[in-house]
Amino acid sequence: MTKARHPLSNEERAERRTQVSKGYLLKGVRILGGPAADLLLRDGIIAAVGRIGAATAKGAEVIDADGLVALPGLVDLHTHLREPGREDAETVESGSRAAALGGYTAVCAMANTSPVADTAGVVEQVWRLGREAGLVDVQPVGAVTVGLGGERLAELGAMAESAAGVRMFSDDGHCVHDPRLMRRALEYVKAFDGVIAQHAEEPRLTQGAQMHEGVVSAELGLPGWPAVAEEAIIARDVLLAGHVGARLHVCHVSTAGSVEILRLAKRRGIRVTAEVTPHHLLLTHERARGYDPVFKVNPPLRTQADVDALREALVDGTIDAVATDHAPHALQDKECEWAYAKPGMLGLETALSIVVTTMLDSLGWDGIAERMSRTPARIAGLAGHGQDLVKGAPANLTLVDPQARWTVDPAQLASRSRNTPYAGMELTGRVIATFLRGVPTVLDGKATR
Amino acid sequence: MKIKHLLSAADLSREDALAVLDTATEMAAMAGREVKKLPTLRGRTVVNLFYEDSTRTRISFEAAAKRLSADVINFSAKGSSVSKGESLKDTALTLQAMGADAVVVRHPAAGAPHRLAGWVNGSVLNAGDGTHEHPTQALLDAYTMRSRYGRIEGLKVAIVGDVLHSRVARSNVYLLNTLGAHVTLVAPPTLLPVGVEAWPADVSYDLDAVLPGVDVVMMLRVQRERMTDSFFPSEREYSRRYGLDLDRLRGLPSHAIVMHPGPMNRGVEISPEVADSTRSTIVEQVANGVSVRMAVLYLLLGGAP
Amino acid sequence: MARPQVDHGGVRVERQPADGGKADEGRVVEGKTVEGKVIIDGPNLARIVDRMAHQILEKTSGARDTVLLGIPTRGVPLARRLADRIRAFEKVSVPLGTLDITLYRDDLRLRGARAVGRTDLPTAGIDGTRVILVDDVLFSGRTIRAALNAIADLGRPRQVQLAVLVDRGHRELPIRADYVGKNLPTALSENVRVRLVEIDGIDEVRIEAWRSLDGTGKGDR
C-alpha cells in the first residue's frame, strides 16, 4: 500500500530552523487560565515569561494569543496509530496530525499493529515514522507477550534498549489474563523502570460480548460484558503489583467498582496508576439503542452511575489521567451490523474539548493540565513533556480558546477514519495552536503540515 | 398505522396491535375461499432477505405477500453474493435499486433490521434479528390466544425456557404487556438476562408453582448448544425441571392452552404427547402466521408509499 | 371512516375530498363546511326505503334466489331494512350479508391503509344467485367497481344489481344503479351526508355546501 509522505524539503527545514531560532512571541496568553502574560519561545525552549520587551523578542514571529489559555502540551498514554498494518484506517502521520490538533505534543502508540510491536525492530519503525512526521512525539508501547498471544513474554528488554526507548508495555486489545504470566511481566520490567499497562478484561466472562451487561443489553438482545470482568482483573493485578513491588497501570477504567478497587489499592500504598477515556466520562450504554456501531467500544459504555463515579475519581486523583484510546476504524468496519463491527472510537481531536465541556468546573485548568499532561508524562517517563510553562522549560505547549464553540463534523477531522461518537455535538473549547519544542505543529486551528 | 417499519413489538401501540389482530381476522376468512387472493398489494414488491435458514417463516411471509398479489423476491444468504462477503449495506443498495417496497429480513445479528431501515426507502419488517426480537411471531401468538379466549386483556401467560436467548420471548413480553395480559417468565437463573427485573413481567424459577395459575403456557425451544456452555448441566435435568410433560399438563387448569413457536425439541422442553394434545395450539399458530403477516404487510404497505 | 377535521375555533373545517368521502382522489383543499339543508327527513327516508323494497319485489318478481349484500358502513343497516320491509310486505326471507371492499380499492396508495371491515356472506353462499349490492351514496362508481371485483373472488352469482339510497351523479366509470332512492344532482363542491339511526342516531340526508378557505371555490378532482 503506497503512502503519501511529504518530508520537508531542505529549504523548508532550513526555514523552520531559522524561525525556531528567531522564535515565537505569544502575546497575552493566560497560563493555566491565570492572568494574561507573554511567552517567548526560542530554540526549542521557553526563553521568557511575563512582560516581554520588544528588544528581547526581536525577530520573533508575533502571535496574538489574547484570551487563549496556555497548557503544557498534552500527553496521551493510549493511542492506536494503526501503522504498520491498517494504514487504511490511520497512519502514524495522520494520527500525529490529529493529535497535534487536539493539543497533544506526545502520544503513546499501542502495540496491536500488524505485525505486532513485540520486537525492537517494529517499535523502532514506529518511532522513526513518528519522527519523520514531526507533528508529535510518538512513544511506542511494546507488547507484553509475543504476538499478543498471552503465552510467552516478548523481548521487553530489547524493546527498552532500542532507539524507541520503550518503558510502557501493553497487550491492549487483549488482557494478560494468565495470572502467572502477569506476575512475571510485572516483576521483569522493574529492571528498567518499566510499567505494564493492563487492558482489564477476563476473557472467559466476555465471550461474544457486545455491550455492557445490564438493562439495555437485556432489551436489545445483545450479549453482555459484565463490569465484574474488568473489576476482577484489576483486583488481582493490584494485589500482584503490591506483592512483587512493581508498578502497574490500568488502561481505560470504566466502572464504579473498578474505581473502588483502585482507591483501596492506593490507600494501601500500591504503585498503581489508572486512566479513563473521554467517552467514558460522558456517554452511557443508552447510546447502543439504535444499534449504531459508532458507539461500540471495548470496554463498553456503561451506566450513568459509572460515569459519575469516573468523574469523581478523576477529580480526586483515584484516576490519574485522561487517555483517549483513539481507535480509528475504516468505514466498512463500522457501517455494518453491530455484531460484526470493530469496537473503538476516535478521540485525539475531541479529548480536550470533551474534558473542558464536561469537567472544567470541577477540575479547573490546572487540574486539566495535571490529568492530561503532567501526570501522563510522568507515567510514561517522558521527561521533556508535561513540564510547567516556566523559563527554561521545553516549549511543548498548546493554546486553547476556552470560549470557542464548535460542532464535530466527522468529515472535517484530520484522522483517516470517521468513527467519532460525537458527530453533530457542539463542544466548548478548541485548540488554536500547538508547539512541539518551539516548532508550531498547529497554528490558527490548522495543522502546519 | 402510522409506523413505517416493524422492527420491534415495542413499536406497536395498543391501537396498532389491535388493528393488526382485527385485520388478520378478516384475512383469515380468505383461507376458506376458492380464490385465495386479494388485489390489495398488486404491483408492490416484497423482498424476503433471509440470512438465516428458516423455511417456515420465509414461506409464511411469501404466502402472505402472494395472497395480497404482491411480487415476491426471495434472497437467501446461502450461495448468494452475501455468502461471498457482500456487506449488508451493499445488499441494501441493491434492493433499493430493485425497487423493493418492503424488505422482510431475518438476520443473526441483533439490530440488523435497524441498520437496514437507514439504508432503504421501503418498509423493513423484522422477521427475527439474532436474540433480539421477532414481532410477527408475537402478533400471531396474541392472535392465537385471542381466537381461543376471545380476548387478551387479563390473560395470565407463562413463558418458559431459554428467555436469555429468545427473541420470541422478548417480543411477546412487550406485546402481551401492551395488550393487557400478565406475563410470568419461568427459567433457570442462568437463562434469564441480567436486567430482566426491568421487564414488565414476573419471574420464577419454579415451573410447578406457576402452572396452576395460567391460561396460556408458552414453551420456548431450548438449544442443545446451551448445554456445552454450562447454562444447564444436562438435557435430562432441564427436562425434569422445566419440561412440559403429561404430568405437568394435568397440573394446568383445564381451560389452559399450550403454545410453542417451533421448531420443537420433542422430549426436551415439551413431550410428544403434549405437543400432539388438543390443548396445544402449535399447528394453528402456523396457519395464523399467514393471516397475521398478511395484516402486517397490508397495514405497512397498503397506504401511501 | 371519519374525515380528518381541523378546528378553527368554532368553525368546523374539513379537508374537502373530491367525491363526498368514498374515494379521495385528486387535490385536497382546506375549506369550511356550511351546515347544509335537509333533503330527506326521517319519515321520508322510511317511505323511500319502502318504495325501494316494493321496487325490488316487482323487478325480481318476488325476490326469490336473491341475496342482499350491504357495503359497510351504512350500506349494512340499509340492506337490513330492505330485507325487513320485503319480509313485511310479502313474507319472503331474503338472505343478508356484508361485503367489505377496503382491500379491493384502486386508490389505496393515496391514503393510509384503512381498517378492514367485516365480510360476511350468507351460509348458502352467492353462487347462482342474484346479488343486490346495497350502499348509501353512489358517486364516482369506484366503490361499486371494487365490490364487483370482490364478488368475482367470492363466487359466481347469476346476476348482480345495485340499490342505493342516493345517486348524486358525477360517475367516473360506466356504473349505474338498478334501484335508486333519490336522484340528487349535486355540485362537486357539495357533500352528501347520510345519517342512519343504527349508526348516527337519526335518519336524514343532507347536502352540505363547502367553501374553501383560500377562496378558490370548489375542490378539484
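For clarity, chains are labelled A, B and C in written order, and residue numbers in each chain start from 1.
We take it that contacts are C-beta pairs under 8 Å (C-beta built on N, C-alpha and C of every residue); 3 or more make two chains touch, one makes a residue touch a chain.
Just so you know, these numbers come straight off a predicted model, no measurement behind them.
Trainee: Write down the pair of chains with the top C-beta contact pair count.
Mentor: A-B
Trainee: Please identify the chain with the largest separation between its CA centroid and the CA centroid of chain A.
Mentor: So the farthest one, by centre of C-alpha atoms, is C.
Trainee: Report the most central chain, judged by the distance from each chain's C-alpha mean to the global C-alpha mean.
Mentor: B
Trainee: Taking the mean of the C-alpha atoms as each chain's centre, how many Å separate chain A from chain C?
Mentor: Comparing mean C-alpha positions, chain C is 74 Å from chain A.
Trainee: So the centre of each chain is just the mean of its C-alpha atoms; given that, what is the distance between chain B and chain C in Å?
Mentor: 40
Trainee: On a C-alpha centroid basis, what's the spacing between chain A and chain B, in Å?
Mentor: 46
Trainee: What are the residue numbers in chain C that touch two or more other chains?
Mentor: Residues: none.
Trainee: For a test of understanding, state which residues of chain B touch chain C in their complex under the given definition.
Mentor: Listed in rising order, the residues of chain B that touch chain C are 1, 19, 22-23, 26-27, 29, 33-35, 37-40, 68, 298-305.
Trainee: For a test of understanding, state which residues of chain C touch chain B in their complex under the given definition.
Mentor: The touching residues are 100, 103-104, 108-119, 149, 152-155.
Trainee: So in the complex, which bits of chain B are touching chain A?
Mentor: So the residues of chain B in touch with chain A come to 87-89, 107-112, 114-115, 129-133, 167, 170, 193-196, 198-199.
Trainee: Which residues, counting only chain A, touch chain B once they are in their complex?
Mentor: Residue list for chain A touching chain B: 210, 213-224, 226, 290-292, 332, 335-340.
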